[in-house]
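What follows is a set of structures for review.
Okay, so chain A shows up in both of these, paired with chain B first and chain C after.
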Partner chain A sequence: MATDALGWWGVPLAIIAGTLRGSAPFLFVSLGECLTEKSGKINLGLEGTLLMGAMSAYAVSFLTGSPWLGVITAGVAGMGLGLIHGWLAQQPRVNDIAVGIAMIIFGSGLAFFFGKPYIQPAAPQLPSIAFGAWSQSPQLESALRVSPLFLLGVAIAPLMTWFFRATRWGLLVRAVGDSPDAARAMGISVFKVRLFSIMAGSFLAGVGGAYLSLYYPGIWSERISSGQGLMAVALVIFARWNPRQCLYASLLFGGAQAIGPALQSVGIDAYYYLFNASPYILTLLIMVFTCSPRRQLSGAPGALGQSQD
Partner chain B sequence: MATPALSVTRRQVLRGLLATSAFGLTVKLGGCGDSPIADDGTDTLTAGFVYVGPRDDYGYNQAHAQGRDGLADVPNLSAFDEANVPETQAVQETMRSMIDLDGASVIFATSFGYFEPHVLSLAEEFPDVQFFHCGGLYEEGVHPDNVGSYFGYIDEAQYIAGIVAAHTSETKRLGFIGAIPIPQVLRNINSFTLGARSVDPSVTTQVIFTGDWAAPVREAEAANSMIDQGVDVLTCHVDSPRVVIETAERRGVFSSGYHASQAELAPNGYLTGAEWDWTSVYRNYITWLQEGKTLMNGGIPHLVRGGLGDGFVKLSDYGSAVSDTAKQEAEDAKAGLLSGDLVIYAGEIQDNRGNTVVAQNEALGQTAIELEQMDWLIEGVSGSVS
Partner chain C sequence: MTDSLRRSLANLYIPLGSLLAALIIFGGFCALAGANPFGVYHSIYRAAFGSWSSFQNTLTQASPLMLSSLCTALPARLGLVIIGNEGAIVMGGLAAVVSGLALSDWGAASPVVQIGMALAAMGLGGLWIALVGALRHYRAVNETISSLLLNYIAIALLNHLINGPLKDPSSLNNPATYPIPAVHMLGNLPGSRVHYGLIFGLVACGIAYFLIQRTTFGFAARTTGGNLRAAKIAGLPVGQLTLIICFLGGACAGLAGMVEVAAIHGRANAALNAGYGYSGVLVAFIARQNPIAATVVALLLGGILASGGILQRAHSLPDATVLVFQGIVFLSVLYGDSLQGRLSGLMQRFRRQPVPPPAPIGPLV
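And then the complex of A and B:
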C-alpha cells in the first residue's frame, strides 16, 4: 500500500507538504516588510526585490556552483534595491507607496533583463534535510523534505519579536515608527534608522527570492513569483505587525497554494479555478475584514505611511 | 513662499524627463530583439517574429525561436524577432515598429492571444503586410485577406507518447498537467490517453488544470500531488514544461515532454515527448513568399495545418527507460499515422460521463471540425472541463 495511491489522505498530506515547501518566500518577504513597516515606511517594492533575489541567486549559483553564495548575493542585491527605496521614499513630499510601485517595475525589469541568459541553464540547488527518512512511505518522505532556509526563516520570526521587545536597536526602530518627532528629540537619526530597516527588510525579501529559484520550484523564470511578494505585504497587515504572526500567516498562505492541485489530484474537479485562486481570495478577505477607514488598526506603527514635513 | 500653482521649474522638468525615460528603459529592457540573422542582397525579404515569452524557456517559445533559427541559411532573408511581448497593446506597438522601422513585410505572431484584436487591427492598418498567426483562428470572409493561420496536429505525437507511457508505467496511472481546458489542451489529453489505452485499457489519466499558462509553483504542487497519488508518468501542456519535468525527475518518476525536447532536464526519467517542428513550416512559408506568392493573390492558403507527415510535429528521441517493445509499437503507430491507416478518433469513443462522443462506425480524421471544438474528456480520464 505504501507506494500506491494515498487516496483522500493525499489531501491533508499535500497541504502539509505544500506548507513546508511553499511558505518560505511568504515568510521572508513578510518578515522583511514587518521590519520595514515597524520603522514607519511601507515598501511595496518587495515584489521586485523578490524577483531580483530569485534571479541573482540563480545566476550566482550557476556561475560559481555554490547555491549558498547565491543566497547571500540575493540578499545583497535586495539591499541594493532597498537602499534606493529607502533614500527615495524619505525625500520631502515623496509618497512611499508610489516609490514602491516604481520599485516593483524597476526591480522586475532589472531582474528580467539580467536574467535572460539564465532561464535555460540548470543551477546547483540548495540541499534539503530529510526529516522523513524513517518513513516507509515515499510520499511522506518527500513531504517532510525541508529546506534549511525555511528553518532559518522560522527561527528569525521569534528572534525578531525579541529584537523589537528587548533590544536597544529594536526599540529605536519602534520609536522611529511610532513617533518620529519623539525619536528626533532623543537625538536619533530617523533617516538612518528607516534606511537601515528598509535595507535589512529588503535583504530578507531577496533571500526569499533565492528560495524560489534555488529550492522550490527551483528554476528562474519571469513568472516565478506570481505576485507572492505583494501578497506577503498584505499579510503583514493581517499579522498585525507581529513577526510571530507573520510566521503563522505565511504557513497559511503556503498551504493554501496546495489546496487546488491537491483536490484535483483526488478527483474533486469542481470549482478548481476557485481553489487555485485561494491565496488571492484569502488576501482579499483579509483586506476586507481588517481594514476600516474609521479606526486605526491595533498594532500599526503610529507614523506608518505618513510622509514627514 | 508664494509659488504659482502651475509654475514648473527647470529642475522639475529634468526630473520628470529622467523618471519617464528610466521607466521606459526598464520596460523596454524586458525584451530587446536580436540582430537580424542575415541581411544581404538587394531583394531581401524581411520577416518579424513575435514571441510571448523568452526564447529559451524549454517550451512553446523556444520551439518557435528554434524555428526561426532554422532559417539562418536561407538567402535573401532577414528574419528578426522580439521575445517577451505580452498579449496587450504592446504587441501592436511591436508589430508596428517591425513594419515601420525595420521594414518587415511579413509578421509571424506566434502566441494564441495575439490574434484578436491585435493582429486583426494591424492587418486592417497595413493591408500590404502579411500576418501569419499561430493558432488556426482564421475564418474565411470574416477576417482580413492578408491574415493567415498555421497550426499543427501535435496530438498525433501525444498519441505515440501515450503508447510509450503505458508501456513504461508500473502503476498504470498517468498524469497530465494542463493549463486551461481549451480544445487544444483537451485534444492532447484525449490523444495521450487513447494512445495509452490502445496498449492497456486499464490505464487511466489524472488531469490537473492549473488555470494559467505559466504558474511555476502551482505546476510543482500539481506534479507533487499526483506523484503522491501513485502517478508514475507525467506530461503536461503548459508554456514551459520545465518545472513539471524537473519535479518528476527529482521524485523519481517518468516524464514525457511537450513543445520542445526536455531530455537533458531528466536524463533518467525522460521517455519521449511531443515537439513542434516549426523550422520546416517556416521554411515552407519563406519559399512561397520568395516565389512571389502571397495570401492576397491566393498563392498561399489562409489555413496551413499538418501533423507528423507534414513535418509540423515530431517526437523526442526515446529515453533510456523505454523498452524495445514500446519503441516497436510506437514506431508502428507512427507508420500508421503517416500512411493514414490509423485514425486516432475512430468510434466508438465515450466521454468520462458515459456519453458517446464518436459513434460506432464514425472515424474523425485530423481535419474534422468536431475535434476543433472538443469539450469532452474521454473515458479513462479523471478530470472535468467545467
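And then the complex of A and C:
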C-alpha cells in the first residue's frame, strides 16, 4: 500500500522505517545483556524478561491510563526476574545457561498467566515524535515517527560506554567480570556487583518489552516477541561487549528484520520467511568468521562463562 | 562405603526435595491466583497418571521428550551445553516428510517408507547438531549460542517450506506440507493409543546410557568432558568424539521430529516447533544428563504437559499455568543441585558446634 505512490523507492523507505521502529527492543536487551556480561555472567533468560516487561507495561498502562508508568513497571518487573536469576546463577554448581532457560520458561509463563485478561482491551500507547512533519509525503512522515523511548536507548548506549570507562562503579563491574579473584582481594563483593549488574540489565530488558507492547507493534499478545530476548546474547558477542557498538548492531538487526516485510509490500514474498531469518544467519556467520580456537574474542570479559567455584 | 551410600542417598533425596519444594511454591502460586492448591494437585495427578486412559496421553507426550532430551544429555558428557533440540526436531520432521513422500510416490512398502523416514530424520537432525559440534571444535564458536541460532534458522526453513515449495494447497489456514499416506503412518502399540515412538524413546535412552557408561567410547567422551587438556595429552581424538556425540544427540532429536510427523500429524506444520525442544533441555538438566533418569523425568513432565487442558476446564486457570509450573520445577531443581555436597557439610558443622546459621545472601524470590 505504502508503495502505491513511491514505487520501488518504497523498499528502502520501508526498511528505514522498519529500522527506526524495530531496533529499540534489540537495543534495550543488548545493552542490558552487555551490562550483565561485563560482570562475568550470562543471562539467557532475557526473553522471559522481555515478555514480562511487555505484559506488565500493557497491564499498568491499561489500568492507570499512564503509559510511562507502564514503562517503569516493566523495568521493575524485569528487575524482579533479574533478582532471581542473579541470585540463583551465582550458587555453586549452578550453570547460568540452565538458569537462563529456566527463566525463559518461568518468565514467559508468568507473563502469559497474568496477561491473559489483557489480550483484548486496548491500552493507552506511548506518544511519538514526528521528525517528518515537514514532509508532504505521508509515507515519509510516518516513516520518520520516532518513539522517545528509542531516543532514550540511543542516549544510554554512549552513556554506558562512558560508565564503563570513566566511573568507579564501571570499573568495579569490569574488575568483577575480568578477574573475580583480584576483585575479591580488593575487598569487592563479587556477588553483590554481579547481582546489581544483572538486575540493572534486566531492568533495561523489561523496558524493551514495554516498547513492544506500548509502541510497536503496540499490542499485547503471546506472540509479541520475535525472539529479541534470545538474540541479546548473540548481539552482544557481535558488538564485542561495547555498548556503543550494541547500538549499531541493534540498528543492523532491526533493519535486517525489516527486509522481509519491505519486500513483501512490493509483491516479493517468495523468500519472506528466509529473509526473516537473516539476523540469525548473519550472527552465525559473523561468529564463524570472528571466533578462533587459538585466542579469546577481543573485548570478552575474562571470567565470562567460567563456572562458580 | 557409608560415603558412597550417603552420596547415592543425596542423589535421590535432593531431586525429590526439589520437586516437593516446587510443588509447595506452585501451590502457593495457585492459592494466590484463587485456586485451591490441593484441588490443582489432584487434577494434575488425575490428568497425568489417574487412569490408564490419561496415562496413555502422558506416555504419548513423554516419548518425544525422551528423544529430545538426549540432544542435550549426550553432548553434556563432553561438557557442551547444547540447546538446539528444537531445530533438530524441526529438521528431522522436514526430512521425514520429504523422504516419506518421495518413497511412497516411488511405491515402496510401508516398512521401507518408515525406515527411510526414520533414517532421513536421524541423518539430517544429526548433521544439524554435528554442525554445532564442528563449529565448536574448529572455530571455537560457543555451542549454546550457535545451536540457539540454528533453532531459529530451522524454524524459518520450516515456515518457508510449508508456505512455499512443499505447501499443500488445501491447507489454507494452517499451512502444512502434503500428508504422508495413512497406510505408511506409525501404528499404535497393541491394545493402546500409544504410538511406537515410546519404544524408540526408551530404546534410545537405554542405548545412550550403555554407550556412555559401559563402553570405551563413552569413557573417552566422559574423560574429555572432565578434563579437555588431559584428554588431548592422552591422545584422545577430541574432534571426532565431538562430532560423533553431537551427531548422535541430533539424530535422537531428529527421530523425535519423525515420530511427531509419522505418528501424530501425518505432515509437517507449525506444530513441529511446539516446544518439545526446550522441554527436552529441561528434562536433560533435571535428569542430570543421565539418559535413564531422563525417561522418568520425561514421564513426569509429560504428565504435567498432559494436564494443561484440565487446569483450564476445572480450575479456570490459564493454560500458561503449566508453563509456570515447569519454570518453578526447573528453578527449584537447579537450586537443589547447588545444595549437593553443601548439605552434609552444613549438617556436620551444626553437629560440631552450634554456629549461627549463615547470613542470608539474598532474598528468595
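Remarks
As a working rule, the second predicted complex is superposed on the first by the 297 of 309 C-alpha atoms of A that agree within 3 Å, B and C clash if a C-alpha of one lies under 4 Å from a C-alpha of the other, contacts with A are read in each partner's own complex, and residues count from 1 in each chain.
The rule is short, and it goes like this: a contact is a pair of C-beta atoms (placed from the backbone, for glycine too) under 8 Å apart; a residue touches a chain by one contact, two chains touch by 3 or more.
This is a predicted model, so every value here is computed, not measured.
Taken together in the superposed arrangement on chain A, chain B and chain C clash. Legend: residue contacts after superposition of the two complexes on their common chain; A:G22 is shown touching chain B, with no touch to chain C. Of the two partner chains placed around the shared chain by superposition, chain B is the only one that A:Y216 touches, whereas chain C remains out of contact. Looking at the shared chain after the overlay, A:K116 reaches both chain B and chain C. Look at A:A270: by the touch rule set out above, it reaches both chain B and chain C. Within the superposed three-chain model, A:I97 lies in touch with chain C and out of touch with chain B [touch as defined at top].
In the superposed pair of complexes, A:Q139 makes contact with chain B only, with no contact to chain C. Clashing C-alpha atoms with chain B appear in just one stretch of chain C from the list 81-89, 99-107, 315-323 or 351-359: 315-323.
In the superposition on chain A, the residues of chain A touched by chain B in one structure and by chain C in the other are 102, 105-106, 109-110, 112-113, 116, 270, 272-273, 276-277. Contact residues of chain A toward chain C in the complex are 44, 83-84, 86-88, 91-95, 97-99, 101-113, 116, 191, 195, 227, 230, 233-234, 237, 270-274, 276-277, 280-281, 283-284, 287-288, 291-293, 305. On chain C, the positions that touch chain A within their shared complex are 33, 81, 83, 135, 137-142, 144-146, 148-150, 152-153, 155-157, 159-160, 163-164, 278, 281-282, 285, 317-328, 330-331, 334-335, 337-338, 340-342, 361-365. The residues of chain A lying in touch with chain B in their complex are 3-7, 10, 13-14, 17-18, 21-22, 102, 105-106, 109-110, 112-113, 116, 119-120, 122, 138-139, 142-143, 212, 216-219, 221-224, 226, 228, 257-258, 260-262, 264-267, 269-270, 272-273, 276-277.
Against chain A, the residues of chain B that register as touching in their complex are 22-23, 26-27, 29-30, 53-54, 56-58, 62, 84, 171, 173, 206-212, 214-222, 224-230, 240, 242-243, 246-247, 251-252, 265, 382-384, 386.
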